[in-house]
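Same chain, two partners: chain A is paired with chain B first, then with chain C.
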Partner chain A sequence: MTALWDFLTVFTQPQLLLLVGLGTFAGVYVGAIPGLSVTMAVSILISFTFSWDVYPAISLMIGIYMGGVYGGSRTAILLNIPGAPSAIATALDGYPLAKRGEAGQAIGVTTVMSFIGGFVGIGVLALAAPLVSDFALRFQPRDYMLLAVLGILLVGSLSQGSLVKGIFAGALGIAIGAVGRDPLTFTERFTFDLQIMTGGVSFIAVMIGMFGVSEALLQLHHVDKDAVRQKITRIVPSLSTVRKHLPLSLQTSTIGVVIGALPGTGGDIAALMAYDHAKRVTKNPERAFGDGAMEGLVAPETANNAAVGGAFIPMMTLGIPGDAVTAIMIGALFIHGLNPGPMLMIDQPDMFWFIVGALVTANIFMLIFGLTGIRLFTKIVEMPRSVLIPLIMLLSIVGAYAVNNSLTDVYWMLGFGVFGYFMRHYGYPLGPVILGVILSRLLDDNWRRAIISEREDFWRFMGGVVSSPLSLTLLIAVILIFVSQTPLWSRGKARLFRKKES
Partner chain B sequence: MDQIDPDHHDGTSDATPGGVEAKRRPGELGFAIFLLLASLGLLWSAYGISGFEALSAPGTVPMATTAVMVVTALIVVVKTARLPRISGETFSRDILPVVVLVFAAFLVAFGVALEPLGFLPTAALFLIAAIKILARRSWLWTLAVSLCSLALIWLIFRIVFTVLMPAGIVPEAEFIQFFRNLFSGAGE
Partner chain C sequence: MNKFILGAISALTLSAGAALAEYPEKEIQGIIQWGAGGSTDTVMRSVTPHAEEALGGTIVMQNMTGGVGAIALNHVADSDADGYTLLMGAENPLLYKVMGLGDKDYSDFTPISILARGTPMLVANVDAPFNDYAEMMAYIKENPGEVRFGATGPGGLPSVVTGMITSVEGGLDVISVPYDGDGPALTALQGGAIDVMPAVLGAAIEGIRAGNMKPLAVFDVEANAKLPDVPAVTSFNDGYSTYLPWGPFFGVFVANGTPDDVVAKLGAAYAEGAKNDEFIKLMDDRGFTMMGISGQEAQDFLTKWQQGTTWLLQDAGLTKASPEDFGIARPGE
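For the complex of A and B:
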């Protein structure tokens, strides 16, 4: 009963309702405007809302997250420029539809499908999280450690980039997170005897630099790209269209939730995998994929919104972020003195049900804003990049400065901005860096706790891992990721398939 | 999975990081070597924390992670060195054009000027210069757009989020107090 009451918190407090609505509205535009991303917006917002209470701050962030994941689809359809990473797959079939003059219908279908996907994700979150957190109480320190490693590896292995670069990025993040005084022994780590380094590197500066400044610098390459105007007609889709794609949308929502719930991987990867899945299962599409197939819109849009709910599962139950945005939200909860993990679910279940309630509200707002206000939308999206880029840079500086009122953070942010700019050019993923920074402390603490409880004996530690089914599964998963990237794997696979054929 | 390349091979997300598959972009090898050297430096620094004292020592995880960095950076260097150079891209046009350098310099200048000059004048100068360079429109348009957006940002952050920025040479507090007095005076 109290759970229901907590769930309804958002609806009973007009201020929170307003903030979720405002966040969703802003999120749709943040997601839609190329060059502004949800990760960027949420990381800048942390520094502005840290003097607020937890509920209003989280309300605003959840609204932006939900709206932003959806908003990217609009510019993907209208301009062939994905407004957000999670909409990259949407552009493949969305833009061909717009060129045929069916932009309105495409937007309508993506809105309804995002709504359905969003609800599947939230439903799974509400059902699964309490079970997972009960289970998580049995987790040993070594399991947390292995999970953190797994999360950092997954991004590199499921994306199109190279795993080696992903591992490098993750390790770099862990090293950045270790800078400063070790909390257990007060030994200085990576401080190079500099006074300013002993407090560590502010993770907000790292985030804003990597996702704000580096993105703004990259956008300088595309200042002169013009927006293309599209005519938009009727957007509310017919019931028969929705019903026709319902089976596929449920399948791709499931993909979305699972990918979202895996530590580290979020909506962008979920959308690409769902698009791949749709291509495989749709036998006779009305139009070919890449040429305006409705299935090619349904799949990524349901998956990326379902991944939102999924991403909250490991964040709320284990304190391990489901993707880059939830990594930043964990940071926000830290700032507000909360410690996400199984104990949070037990000590403050109200927080969990409040977040579920806020997600539901944001999803409803998303449907409303998605099906209305299209005229205003086309105006705002045409905002020239020549104005947008300087504004992003200004906001990044204000954001980095505001957290600690320190210029050092601004310089850290600029440094990571330039570094992130080169990383992007050369194909190093940025997500693992942020995951590493956030998980560094958890990894370090749990490793030391685990090895001390085994009396500093590495082989006893390994014995513990092998004898526990959970730890063993995690270890095998980590090893599999490594093996799957070596030539051994593809050779083995080729041999296996040859045997079957002969 | 299909290779999807949205914009100019610059990574827009983790799902599709930038770079060009099976080709070496200008400066890529240099960056990889820089990462390798930096990783070696960090590994040395991590060794200095507590050496091989104990498995639970404060330096163990840093040493393990920096060792991973060295190994992966080395693999990347070797792999990158073997790739053929991409044709048709130059460092100064595709990777680091002048405009990016100019803006990086602007940002550093922003940081330097922020405390002595104060937030409002620094931000105004930055926006005017940046928008003028990027948009190449008339001075009137540039001034109007940059000052209006600055006013909007300042109102939102100072009033709604109550973020404090260095006031510098502008008597910001007195200014706000003046308006407060005005409104409270009107309310009485």
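For the complex of A and C:
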């Protein structure tokens, strides 16, 4: 009963309700601007809300978090520039929809699906948090490594067109991710003794450059062409559309919660994995993936919002952050005199239910703010290109600078922008590059941790993989997915099914 | 002409005098060396608002990560030494030179305040086949090269602690598994990926309270008030008294050459801020020992810390360059 009361705290106090709403509203717009991240917004808020009580401070942060994760999809759909790494997969099918003049519909579906995903995440947090965190703790370095390998196999689904070019792009991404001081031994890699290289290449700068600047350069070819008129008659998706995608959205939400709850992975990887999953299970999409398939929007958007609830699971049960934002929130709780950790749920159960309540509220606000103001947003893409292109450039530069307040990042961003333009020009997909950069460290660090833990003995390592059910499952998944992408699979399948059909 | 120069000089001194009198006349930038949500970040973000009040100015904090903190350090060192850019850092810059991570350290800075210091300790996975420091050492002797220790890279707290163990016990044959920081390593400890982790007390205390990890020993000369039942490592082997007490610390710095009255003003503000009850409670909850030293006292503390730690790492064979090369004297010499 007290739990219910704590859960309802936000609804009963107008001040908190207002703060969650304000946070969500700000989050949608902060998230939509590439380079302005939720992490940044929340860390600024820590100083800002220092003298407040803990409830209002957390309310505002949760609002920004929920809104920000959703907001990343806006620019991904409208401009092909993901506002945040977790919206990369959204751009793949969202932008083709905007090019057809269906941006309004795409945003509508995205909003409703983010809402559903958000609820699944919160639901799991509320009902099964200890269970999920036990499971997440069981992931050993070798399991993270296998997960990264599984992620790298997504190159197949992210490469539209030539797989060879996709593999090249993915490998390039992995190499970019390895630049700088190696985080485990601080040895310099690919730095060529240049001071500028030792800090590594900011992954956000690569993302903004590859998507934002290259898009602007590409559009220069058609600077005279009229902008696509957007149909905004139907924004809220019909009930039948939602119902049709419900099974898929529940599956991808589950992916989102689990990946989000793992301390080493977050919404970006979850969204890409969900996209891949959707591509696998959708037998006959109305439109091909990469061409504006609704499933390609549903999957990443449910997954990245479900990952929000997921990220809170280890934070609330163990005091371990599920991602960068929850890491800052743990710091905020400390500053406000609480001791986040495994005892928090026992010492202060009210905090847990309050956070669940605030998340639910933020999710509802996200739906409201998401479905209103779309008309205004779609006007952005209807702007003449002569205005839009400089605007994209401006946003990209500001965004790249803001990540680390570093001018170096702006140079990287511009460099990768030009490079990305040529890659696109010659039909190299950009998705795998970003995927490679994201997974580079996950793969590299955990492979080394895993093999070091086994005294650098490969067979001992394999023994460990085979004797752990979790590792074994992941290994089998890796093998299956790998084989399913080779001609061997279709030939085998053809032989197997031929008899039955005849 | 002479008149002009005289005029210019007097104008300059006048304006300079005015600027000093009014410090701070604009926003002060606080550069935090580590990421948001970490220990340094938490400490700085909780003390600074109180220091701002005492100073009567605004300090805008921002995290500048990368290069094990060297990027932030170089940024502040390259900024004007006018007291408008503060470095909010931890202990590791003192090891940059010997670790080959950079050519600057706190000798290029003037300490405003060394706020607090942490206490290291050894924690183990709950299922580990040993329950205290002595049992752990015995187990390692019986099973050489099998126990997994968490690490955070060269120069990190775990490397110093294992360096101490190596020196005092004459060897430590374990597997050292590197992680990004003590947070991820303690997570791995609870999941069983590593068996033992040398960590700062504040990071481990909640996990110990919940029974998710077990304490083996506190690396100090006496038990800690936060964990009175955990024995000090000196009670197992007195050889540790040579190196202890030792611990990571947090401090606020400005570049050398900052006017003395600005240093004094900032020092007074942080000294006042560190007296705040909420801040003291926060530090106490996390098991940090308040220090609040500045001026020559802080300078001496830094010198002693650097001498002890660099030579310890040098003797354990963990350094890239000898402390001698940088004029860091062996302790006691």
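Methods note: the second predicted complex is superposed on the first by the 270 of 502 C-alpha atoms of A that agree within 3 Å, B and C clash if a C-alpha of one lies under 4 Å from a C-alpha of the other, contacts with A are read in each partner's own complex, and residues count from 1 in each chain.
Please note the rule applied: contacts are C-beta pairs under 8 Å (C-beta built on N, C-alpha and C of every residue); 3 or more make two chains touch, one makes a residue touch a chain.
Predicted, not measured: the structure shown is a model, and the values here were computed from it.
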| item | value |
| --- | --- |
| Which of chain B and chain C A:I167 touches, first, second, both or neither | first |
| Which superposed partner A:F139 touches (first chain B, second chain C, both, neither) | second |
| First (chain B), second (chain C), both or neither touched by A:Q13 | neither |
| Touched partner set for A:L391, first chain B, second chain C, both or neither | first |
| Touching partner for A:N405 - first (chain B), second (chain C), both, neither | both |
| Contacts of A:T185 with chain B and chain C, given as first, second, both or neither | both |
| Greater chain A contact set [chain C / chain B] | B |
| Partner chain(s) touched by A:T49 [first = chain B, second = chain C, both, neither] | first |
| Touching partner for A:I452 - first (chain B), second (chain C), both, neither | both |
| Which of chain B and chain C A:Q348 touches, first, second, both or neither | neither |
| Residues on chain A lying within both footprints (that of chain B and that of chain C) | 47, 51, 184-185, 324, 405, 448, 452 |
| Of chain B, residues touching chain A in the complex | 1-4, 6-20, 25, 27-28, 31-32, 35, 42, 45-46, 49-50, 54-56, 58-62, 65-66, 68-69, 72-73, 75-76, 79, 95, 97, 99-100, 103-104, 106-108, 110-111, 114-115, 119, 123, 126-127, 130-131, 134-135, 145-146, 149-150, 153, 157, 161-165 |
| Touching residues on chain A, where the partner in the complex is chain C | 39, 42-43, 46-47, 50-51, 137-141, 181, 183-186, 198-200, 263-264, 314, 318-321, 324, 327-331, 334-335, 337, 339-344, 346, 404-405, 445, 448-449, 452-453, 455 |
| Touch list for chain A against partner chain B, complex | 47-49, 51, 81-82, 85-86, 88-89, 91-92, 155, 159-162, 164-165, 167-168, 171-172, 174-175, 178, 182, 184-185, 187-190, 192, 213, 216-218, 220-223, 266, 268-269, 271-273, 276, 324, 384-387, 389-391, 393-395, 397-398, 401-402, 405, 407, 410-411, 414, 417-418, 421-432, 443-444, 447-448, 451-452, 456, 458 |
| Contact set on chain C toward chain A in their complex | 35-38, 41-42, 45-46, 48-49, 60-68, 71, 99, 101, 145, 148, 153-155, 175-180, 183-184, 186-188, 190-194, 205-207, 209-210, 212, 278, 281-282, 285-286 |
